[in-house]
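The following block contains the structure, expressed as structure tokens.
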């Protein structure tokens, strides 16, 4: 049963090797062992290098997570064929009992621990599920005031990051294995010898840990001349680096205006979890709808959810904000003169009017990646409208305990390196050689540092060049502390021993202090023992509080103090930047919605996850509007050369519906060369053209170069060229899918508030809004007496943030298949977010529809399975029995919702040791040739039923929570027993807005969708004016 | 040789046309029991095999080997080596399966249905038509097994008392396939073999070499031509024919259920059974021609397989071709008449969607070319043209299955899950491989078994006529 | 059992079916019962001539067919209703329309097999060895282009010399004695 | 033109036809038996174990309770294999230098697990839960057999799906009072071996064990013994009834009656629920 720790570690021989060497390696070993060794070798960078050398280009084959396991498939198949020999006789299985069983461990029962995911935009409090002390599922801490149990794609995926087999595993000095002690020793002596710390530099990721900040202050006290630089490419230059952010209270806001603020699509925006929750709460019932305006420079789910969306080029937004400020009567604003189009003027006027009408009940949210003036303007507008203290609070403290001007500091550091002043450069979990602004030429300067050390989870671009490398511990392996967006402090406690003996920044800084050996655990306790410290007031006995904090997951009374009174004068001090020429090409830099700044490049779940809006996976791309595509004579998937200030990079180009013209969005975090087997070589490196003076948008040029890139886009948006006769628009402006889904097939059903008031039953009326009629069947309806599981999904709340999908990955052991497989449509996600772009693709509104198995009562898939591998349970689940499946794929063909996923090849990785620790023990790992699909998390249902049966009671409503439901920050998903009329799901399904997709097929889905109700501003309701036609 | 049939001089033409009917004679005049027997047995019993046979046999063998390679890789790596994906989870495998099964049908039709209708002209072609059926079924039968994700568990489709206590699920059309196809295979083989028993007797008695005598002796089961045996034999053949007829109709009907029973627009139609059966016979006769024309030339069997046969098969194709055309027409009509958006969109997508070209090919090959030209007797009896047509129709019918399987799948109900389908080299290798396997088996057949039923030919010879005198005596 | 010794019968060879039929009919009229004709293809008239009219093959076939039908339908029903009843997409456990198809196929399968093997059994095949094959001219003709009448020694009227003479009346190509 | 085949060939030919048929049948039967044979199921086999642990000695001989080693049987899907510590609890005192126990002391010293070989090994796609079975009245012996009589551990049953289903289709034939779960020697009630059960507290939310209490001695006698022996037996009984009202005990003399009684009161799900695929496969 229990794996012993030491046999997890697959060691990497550092010596360079040739294929001959490999052959030698393999000559000795035979049989299963042979394949295993091949796989181990194939993972080693040396081997990949060797392959690259001897067969250039074919290395990708080895790196590709799927084809790399070609050998494994051979093995798997041949063993399977052995099964042909008639009997399926199992080999002997060993049992490894404990020597001493841990006190509180009940094998087979999960345990939950509270901790937090320290993230630059604010920590995410967590409750982590462990099996035999292996973290196997991460979810938000349900009791925590900030996120109330919700999470996000990043947080969910940090689990796979922990078990990433490519994490660095040894302290090395110039490639030789060393011990941590040696480093600590040498480092401490060196620093001590400098007396005042001259020439000692630290380059760290943004410090969020109060303890770390305290330790740094101590170091500074000891060595005044030592320098700390913080750099986070996604934070540097934003208002966040200073850390003082307003706290928005969307619960109170009837009108929300986003000035390029993408606060609905991911944890990249500070306070995401809170903001989405409060936004979504107001969307749940039509009588308290809020209204969202979005002015944005690149299409995001926030904009596409908005009632009214205005696409502007990034440089226009400050000016527009200024116009808005002026229009709502902020004093002392002189907006730069600009030729706004009629549409834009109309929008501005209506918006201003609406804002004034909702003074005190509205809020304007500035974008993180906009010119700082926008933040100023937004604050000015908010205070002018008297929103401060009502819909937003101004906090005195910062999430970031050590505010910095990161670019300036980084520049200074580079200058010092070039000047040869740097004796020791210690890099703490940062990767500047990869992601420092191109204009700083960091790599070159790095060479000039006399001694360099790198603390990092991977031997990444920086680690490759640093002399010392220390493997960093994952936050699930280490003690620390962090503050959530609202300031609440969470103690980060380890859930597993460091897999590879990783260290943390705490260790490094502590090594310079009086008690160098002091463990982070003690360091953190010291911080919070000192009750005076950080104005935190911990009453009573420390130990009790400490244990309480660990158990609850946060420290009482550490919430930020927020001031509700408006700033004395609301006028705007800053200066609005001048706009770039209308026809110039703007290039917008944004952290990637999936891999952020590149730190999660090697997390397969995130790489394969289709990005919101574009549904692009495994790559980043140059996103443009259809018109721009036409203007530059391009086609999708063409390769373009982007140039900014003489720096060039090649990128694939794809259309993002609703993207402003003459503007390109590129996402950071791709084009890694040393990310690992998954991330290396995916996408292109946008940092190569990103400079410190224009970090978020710059003007540049774009030109076509030869060849196609081969992007993997999981959903098409074909332009609808059908003539009227066939129900099309004729002009190719719309998306064929959306025209079909919305107007013809009733898959998406919605109404405006007015329409809803006029006709509350709209969702189930009309020709295309078909409903199920239980009486229209030839054979008797099946009775479901006891439990009848069902799901309800609120289309008005879902913001398409993808958290549910990643959560599903973790809960259900879903395999990652690799880019080539995704390209031909074989991705395995059980749950997908269908995105339909309504109206003109140049200015669409989008509908996000989470689509998983509908658990139809008249399931078409079941009837056609020749072996009964998919059947209905007495509780109405559409059960998929993997071990009975022979793989005819007929069920998939006959599934109208196309939610079934087939293991065309051996996708599951049975070999990599660290991934074995990741698996959820309650879900079978599916092998080759087997169909799979959403099971409504049947393993959770069974667990709950067993608990209930033991106590002779019925399963309580809310006792079963599906993985997607648990992760959803908008709580758009509800699961439960629809036979229990009191259950939340039953009530929702009874709602007249609830409808079934494709009801006319009489499949009787158990999943129902609550139709969206929009709250548009009557003055803007007319559809947007025609845009330059997109290319067909 | 496009007009080879026409170039011959009138004299010989006239002799082959029966003055009475104005039709081509079924058998060229001047044949006796012995001459026929000699002609047919010689092909098999000759010690020296023609080089051409070896050449073709080599080709067939090579392709069959390629098939083995493709299958080995398939079993090792998985169905993922094919182009199938989501949403088009069925591809070449199923297309080929339906195509091959369809081809088989002509054989049974000729041997069974035409026998019931006392179409004596069938006698000279039914033996190799049946052989074709069997080998086609062999190729077809391959696909349902190999297209499984876990082929080594294929036996789970058979009802047997397993330790899991679970049984097949009989509501699934795939289960129906299992029984339909296996029955079809078995009955065809039995029918074929029974038909050969008397001829094996002849072979036994004509063979010189001891091995040949033993071999054919065993196969003949000691047939000695007793009239009592003949009478039971006749009854059995008629019964088998009577059974094979509903069987052949049911088999392709069941195959069509694979689609018709599903919910997909483009599959879910009641027209499928008749139009699949017709299509099957259509392509089947095409295949018979593809085989008969080279055969009669190669083995100089013009006397036994005459223009009359070619002509009649042309007529059958014309008829079935029109049933198929009706099927297409009805699909389009229904797309409009049903007022179902699903149907309408499917039809639009089928014709004008990204894969419209496939629909074009099938209309051209199945309707445009054959149905316009097969009216002309001149063309029907032109050997070259009929060979060309046979190829065209086989192609067309393959594309019909492609259109049905793929274009219905790749864009169905939820637009969000639309995808596409592109076959891989492994798909093509497998398909071409089965062609090779078919060729391989068929060549073995013509070399070692009597490819024309002698006993049945004999009944059509003048020598078999009972004199009026005898009848008169029979009277009293 | 020890192999039979002596004469199996007398075999008259004819060139045309007509002659054979005439001879056969006459022989039957003259009271011969143990006689048989051998032809290279089915000659109904000859069968009638020796008074062979009906045979049991159809009956066998019918029985076989019925067995197949019942067996399969029963199996399906038992499996889906009693052995392991499951809710398959909300369909009734007893989905008889679906069950008809395999039952139908098995009807044909069993009927066909019984027809074929029934026929062989009734014909007493396989009989690789048969006395007739001893006749020098039999195998050369019987399966090619000659027509034979055989009067068997088991017939009470049989007498080697008399019968030989009797057969000569029909002007056969030849009359030979067939040993066991 | 002589005979090709010898006289005997007819007999041979027919014989061989018959034989083919027989062989086909025989083959089928063999395969059917093979898949159920111990060679496949490992039923009754005693794999080599690091130490020749005898359940017989410990359970029957020393009266060690099942739960002493298999701690989590009631709380978890996994019954639990005892850690080396459990062995050492006693064997630190007794048999301290027995040859047989060397591996155990080794493990204790080195901290390396004792590597046992699984005897009851279900496929990885089967999710079996000890807790629900143990809590719902299925004894250890129902599946594991008379472990108390096994010197070396072996699988009493095939553990094949048909075996599981056999009980899931009719649990009544195997149910026993929860008080008897760990009693390996428990035997089904019979005329000479009756069982008395009384319905306990049945309001929901309480563990199954409390819903029924069963005894193997006649409760009436128990009660009567507690009374002073005055008058005749029945008087005593009547008196007893007045003095302390007994809970209403029902008498069971057959497993079938008892089984169905427990089925109702333990609220065991219907065979339809219990034979549904998702119960064991996820």
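Quick notes
All chains are identified by letter, namely A, B, C and D, in their written order; residue positions are counted from 1 within each chain.
Quick note on the criterion: a residue touches a chain if its C-beta (ideal position, glycine included) is under 8 Å from a C-beta of that chain, and two chains touch if they have at least 3 such contacts.
Note that this is a predicted model, so its numbers are computed, not measured.
Interface comparison, B-D against A-B: more C-beta pairs in contact at A-B. Chain C and chain D have CA centres that are 62 Å apart.
Averaged Cα coordinates give chain A a centre that lies 57 Å from the centre of chain B.
Averaged C-alpha coordinates put the centre of chain B at 30 Å from the centre of chain C.
Under the contact definition stated at the top, the residues of chain B that touch 2 or more other chains are 164-169, 171, 175, 178, 204-205, 217-218, 221-222.
For chain C, residues that reach two or more other chains under the stated contact definition are 84, 86, 88, 91, 126-129, 133, 138-140. Counting partner chains per residue, chain D has residues 1, 4-5, 10, 13, 35, 165, 272 touching two or more of them.
Chain contacts in this assembly form a complete graph, since each chain touches every other chain. Contact residues on chain A toward chain D in their complex (touch as defined above): 1-2, 4, 86-90, 92-101, 106-109, 786, 871, 873-875, 877, 879, 881-884, 922-925, 935, 938-939, 941-942, 946, 949-954. The touching residues of chain C, counted against chain B in their complex, run 16-18, 21-22, 25, 36-48, 50, 52, 55, 57-58, 61, 72, 75-76, 79-80, 83-84, 86, 88, 91, 95, 98-99, 101-102, 104-106, 108-109, 111-113, 115-116, 118-120, 122-123, 125-130, 132-133, 138-140, 142-145. Those residues of chain B that touch chain C in the shared complex are 32-34, 37, 159, 165-171, 175-176, 178-180, 182-183, 186-187, 190-191, 193-194, 197-198, 201-202, 204-206, 217-218, 221-236, 239-240, 243-244, 246-247, 250, 254, 257, 454-456, 458-459, 463-464, 466-467, 469-470, 473-474.
Contact residues of chain D toward chain B in the complex are 1, 4-5, 10, 13, 32, 35-36, 158, 160-162, 165. On the chain C side of its complex with chain D, the touching residues are 3, 84-85, 126-129, 133-140.
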